[in-house]
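Below are the structure tokens for one structure; questions will follow.
Chain nomenclature is as follows: A, B, C, D, E and F, assigned in order of appearance, with residue numbering initiated at 1 for each chain independently.
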Amino acid sequence: MTGIDPVICFFIFGIAAGLARADLRLPGAIYEFVSTVLLLAIGLKGGVELARDTGGMPLVELAGVLSIGLLLPLPVFAIARMIGRLSRADSASLAAHYGSVSVGTFAVVMGYLTTRGIPYEARAPVWVVLLEVPAILVGILLARGISKDVAWDKLARELLLGRSIVLLLGGLAIGWVSGPEGTQSIQPFFFGLFKGILSLFLLEMGLIAASHLPTLRRHGLFIAGFGLVMPLLGAGVGILVGLLLGLSTGGTTVLATLAASASYIAAPAAIRTAVPEANPALSLTASLAVTFPFNIIFGIPLYQQLAVSLHG
Amino acid sequence: MEQYPRRLLTVVTEAVLERDLLGELEALGVRGYTITDARGRGSRGTRQSDWAQDGNIRIEIVCEPALAARVAARLRERYYDHYAMILFMQDVSVLRPEKF
Amino acid sequence: MEQYPRRLLTVVTEAVLERDLLGELEALGVRGYTITDARGRGSRGTRQSDWAQDGNIRIEIVCEPALAARVAARLRERYYDHYAMILFMQDVSVLRPEKF
Amino acid sequence: MEQYPRRLLTVVTEAVLERDLLGELEALGVRGYTITDARGRGSRGTRQSDWAQDGNIRIEIVCEPALAARVAARLRERYYDHYAMILFMQDVSVLRPEKF
Amino acid sequence: MTGIDPVICFFIFGIAAGLARADLRLPGAIYEFVSTVLLLAIGLKGGVELARDTGGMPLVELAGVLSIGLLLPLPVFAIARMIGRLSRADSASLAAHYGSVSVGTFAVVMGYLTTRGIPYEARAPVWVVLLEVPAILVGILLARGISKDVAWDKLARELLLGRSIVLLLGGLAIGWVSGPEGTQSIQPFFFGLFKGILSLFLLEMGLIAASHLPTLRRHGLFIAGFGLVMPLLGAGVGILVGLLLGLSTGGTTVLATLAASASYIAAPAAIRTAVPEANPALSLTASLAVTFPFNIIFGIPLYQQLAVSLHG
Amino acid sequence: MTGIDPVICFFIFGIAAGLARADLRLPGAIYEFVSTVLLLAIGLKGGVELARDTGGMPLVELAGVLSIGLLLPLPVFAIARMIGRLSRADSASLAAHYGSVSVGTFAVVMGYLTTRGIPYEARAPVWVVLLEVPAILVGILLARGISKDVAWDKLARELLLGRSIVLLLGGLAIGWVSGPEGTQSIQPFFFGLFKGILSLFLLEMGLIAASHLPTLRRHGLFIAGFGLVMPLLGAGVGILVGLLLGLSTGGTTVLATLAASASYIAAPAAIRTAVPEANPALSLTASLAVTFPFNIIFGIPLYQQLAVSLHG
């Protein structure tokens, strides 16, 4: 029974409460608080570890990670367009969502590895930063072409100044500058409470995911299948790149999980304004109500097993 | 105390549009507006404010009737097809006509 | 750009009634509404929003005048005696009459 | 169902004035009001609600036209020069004239 | 001086600040945050202890606890109706409030016993769940009769899906499934901060209680007396049932406190819609501004003493 | 590298994110939560220390501290009026802001001294309480004269019942009544998380300060110079009084920092209603966007050095 992580239980609890239409709405401010603390904590943790570390990030790793964000959208788009017979806009939107990443999923895989004492590269939060934006730009490109209608520079600027990137980078910088001793006084808050705060976050995500499940029924089987198959494709790509880059088993698991994850905050907001004709319910339901639960419950252990056996 | 006629335009739409819409309003020459957070229901389903992502905003603009009509036309043209949005207009009286 | 006349019904009442009222509106055929959280004062005293228990909500409904009158009548009949509630109505212009 | 004409006065102003304004309203004989938190922009710049210090409130008062005019005159006299504030008035219909 | 529990001080501080009309309003979102964490923590703690335990809850205990919720409303109703000469609706409303329970009071008694190292039955949060709803239904029955106007099934469903029950049960389930080791990573948040969070909660409750005190003046002495006598009646019943069920001294104290406590969240909301002609200020003032303070300041130590001496 | 305190980094991060117009608004409820916890924690800490202590506060110290609040506004007013050539209202407003204090700055100096193990008088939070209000009244007096238009008693009452004073005094009282052992159960929350919560607070203050920086450009060099010179004047006065009162080095640093700090909550609110013709942007920008950053980044270490060398 020790196998069931309580944070996952909180997510399942949130889904159940949401589906039962329990009176359990949490005000938006709680979501903001909890997610802000999580993002800062993830960044800080990475930064503190980097301060211990001496080596930087090899350029080839930068290229490898970026290439996932730039290329993964293409097969996603093709599958949505050809097999799903979705409109160009909807396919591009899905490409953006699945090429990008979910920081919530990252927090869960971090917790998963830490609990089991499996080490991973300290710079992993940098991968999140690298992976969040490119796929969204590629998705918009797939929808619009190299159109002059799109204010690309403004768009890129807004994306790079999005909440999650800024909080992650801020945390990383502070952790790196202050180092392990400097941050000691703030560790009880940011590190000691991490899993507790993550529990609340996942409870909220469960409630939100549940509120998007009814859309699933409306959009039929394709979106469910899509939301289950795409993470496998992404994880495969992530593991491949991880092995090629010579990452640790833990790091390969993280990269696989990131590639498998789909954005449900940055991508929806950007696509909503840049590709308004795409149906937002479609991609959000797939990423939030199918792929997110799948990844944190079944995906992560699976990807870790794969990483271990392929690492051989 | 004299009262002067103006037009009040109220727009209810997706919170995610806030930044864009305010740019739009400025470009059209709107000099003032008031925003409140809202939730609601319409032809595009129920929109809750629990998750900022999903909420509505309610924008009020007091201005000359001609400007109100211009703003309404622009919003209709650019946003009606793809976004949850309604707008309605009313006559109002103000005390300081130079402000609006 | 043609504008069409509709009626705006605004209801301010106890937050605790939200679920019930929305069911009531649906049953009466209301297709859209907008809700904001509010506080205030009236014949039943001061209502603060600090504690969800004690707050008000403000509901706006744009619709045909006849429907607005029906909704108002129903609310008066069922809720006026026992709940903090006010309602008022105004004429408004809309652009897409089929929505309301 | 008979409807009675009243006046709706809407005031948007600095949140920091809330306590003072409510005292003012009471002194003038206003028996009810509704308040929502708001943000916005006007001649005195942009006012955000992130920091309570900087936010706006939006007050609605339904009352007799004469009282609405008196309130408007008092607010203009005491607050217009130094505070971010707008106000506008509309005709509304109510069901229970004795309440307003 | 070590006798004065700081969490109680926070409550008194809140009352004082409220009465002095200090500028100390806390936004609703803070209340939601704090009460959500408390409810989850209470549930989790119970669940973790249950996971250690081997025995379940005896059926006779279930019946005993339920019977408090079903029967306690009757004398409350009678007293309000006959001695208080209140309307049927108001009497029924008071019966619902005083038959049901206050989770805030439960949190305080939990803290009280834990600080003093007095053990109590791990399943006590289940008693809260059992006691919250029945009395509310009985109260509505007392007001309406077995009327067809009341949508009983919808009502019961909504009550059982109320915030506190769902969060308590969710916490219980997660604590039970994950067990003492599994929850270790979330204990710093949910258990380590418990009393600090409880302090904030009681500060808010003090402010809220103070804002309801003016009503007390209006409704005269009866409501004050009622709010002081009913908890004694409830505590008596609770101790009796606790002794009959063979509960520990700690458990008897808890059950007495629960029976003595009056609902100020679930009951007011339900009665407001089901018995609208009842004056909500009357019952809320009694339960929130009289009984709640009385119980947490004077009642709990008293009930514990009684439990000890009667147990002997 | 251990020299850079992470909490200061959070402030700088907030300023940077704000200036870059990153999408990083935090809801007001978070600010309320964080600042409430900080104020209570500061009070509690002082109260707990006072409970350990046997001596009270000498009357001469009370007079000394009060005199700062009563007299410091005068030179500030004179400088603004004569050198800055500001209107009487604006000068009086600045006098009120700079004569009063900033609790955020106090929290930072507390953390600064604690981290370095430098002791200071336990009753320091009482100084904050003593310093907050008098200067504001003096400022209003400077603007209005002994006018009958001002409802002085109502004004003083409202100021003394302001958020920060009430929370500080409440915390002090609770800490003092409950003592070191009594508060043990709430220390993980209020003391263990202090620096983490302070980090979030400073992140928000950074964002808010950044949003007031554009005004700086508009109001020219004077306000920037004023915002940098006034804290030096205040610190000088604070050190002087500290030495005269025979405070410890740590205590002298605290008093210097308090005198150097400018109010950005109590003063703006009070001046806004009592001296409406003063331009609120002017004083808020000086205190929030110039003096606050200066004090927490450069001022505190400087004042501490000065206190040490003059103490010698």
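Following the convention adopted for this analysis, a contact is a pair of C-beta atoms (placed from the backbone, for glycine too) under 8 Å apart; a residue touches a chain by one contact, two chains touch by 3 or more.
None of these values were measured; they are calculated from a predicted model.
Peer 1: Touching both subunit A and subunit E: give me those chains, sorted by label.
Peer 2: For subunit A paired with subunit E, the chains in contact with each are F, in label order.
Peer 1: If you tally contacting C-beta pairs, which comes out ahead, B-D or A-B? Let me know.
Peer 2: Most contacts of the two pairs: B-D.
Peer 1: Using mean CA coordinates as chain centres, what's the subunit D-subunit F distance in Å?
Peer 2: Centre separation, subunit D to subunit F: 34 Å.
Peer 1: Express in whole angstrom the distance between the two chain centres, defined as the mean CA positions of subunit B and subunit F.
Peer 2: Distance between chain centres, rounded to whole Å: 40 Å.
Peer 1: Give me the residue numbers in subunit A that touch at least two other chains, ranges are fine.
Peer 2: 26-29, 32-33, 188, 192-193
Peer 1: Which residues of subunit C are in contact with two or more other chains?
Peer 2: As it turns out, subunit C has residues touching two or more other chains at 36, 90.
Peer 1: Which chains touch which?
Peer 2: Chain pairs that touch: A-B, A-E, A-F, B-C, B-D, C-D, C-E, D-F, E-F.
Peer 1: Could you pull out which subunit A residues touch subunit F in their complex?
Peer 2: The touching residues are 27-29, 32-33, 36-37, 40, 51, 158, 161-163, 166-167, 170, 173-175, 177-179, 181-183, 185-190, 192-193.
Peer 1: Under the stated contact criterion, what part of subunit B meets subunit D in this complex?
Peer 2: 1, 3, 6, 8, 22, 31-36, 62, 90-96, 99-100
Peer 1: Which residues of subunit C touch subunit D in their complex?
Peer 2: Result: residues 12, 36-43, 56, 58, 69, 72-73, 76, 80, 86-90 of subunit C touch subunit D.
Peer 1: Using the touch definition up top, name the residues of subunit E that touch subunit F in the complex.
Peer 2: For this pair, the touching residues of subunit E are 1-2, 4-7, 9-10, 13, 16-17, 20-24, 26-30, 33, 111, 115, 188, 192-193, 195-197, 199-200, 203.
Peer 1: Over in the complex, which subunit D residues touch subunit F? Could you list them?
Peer 2: Contacts found on subunit D: 14, 16-17, 20, 48-53, 55, 79, 81-83.
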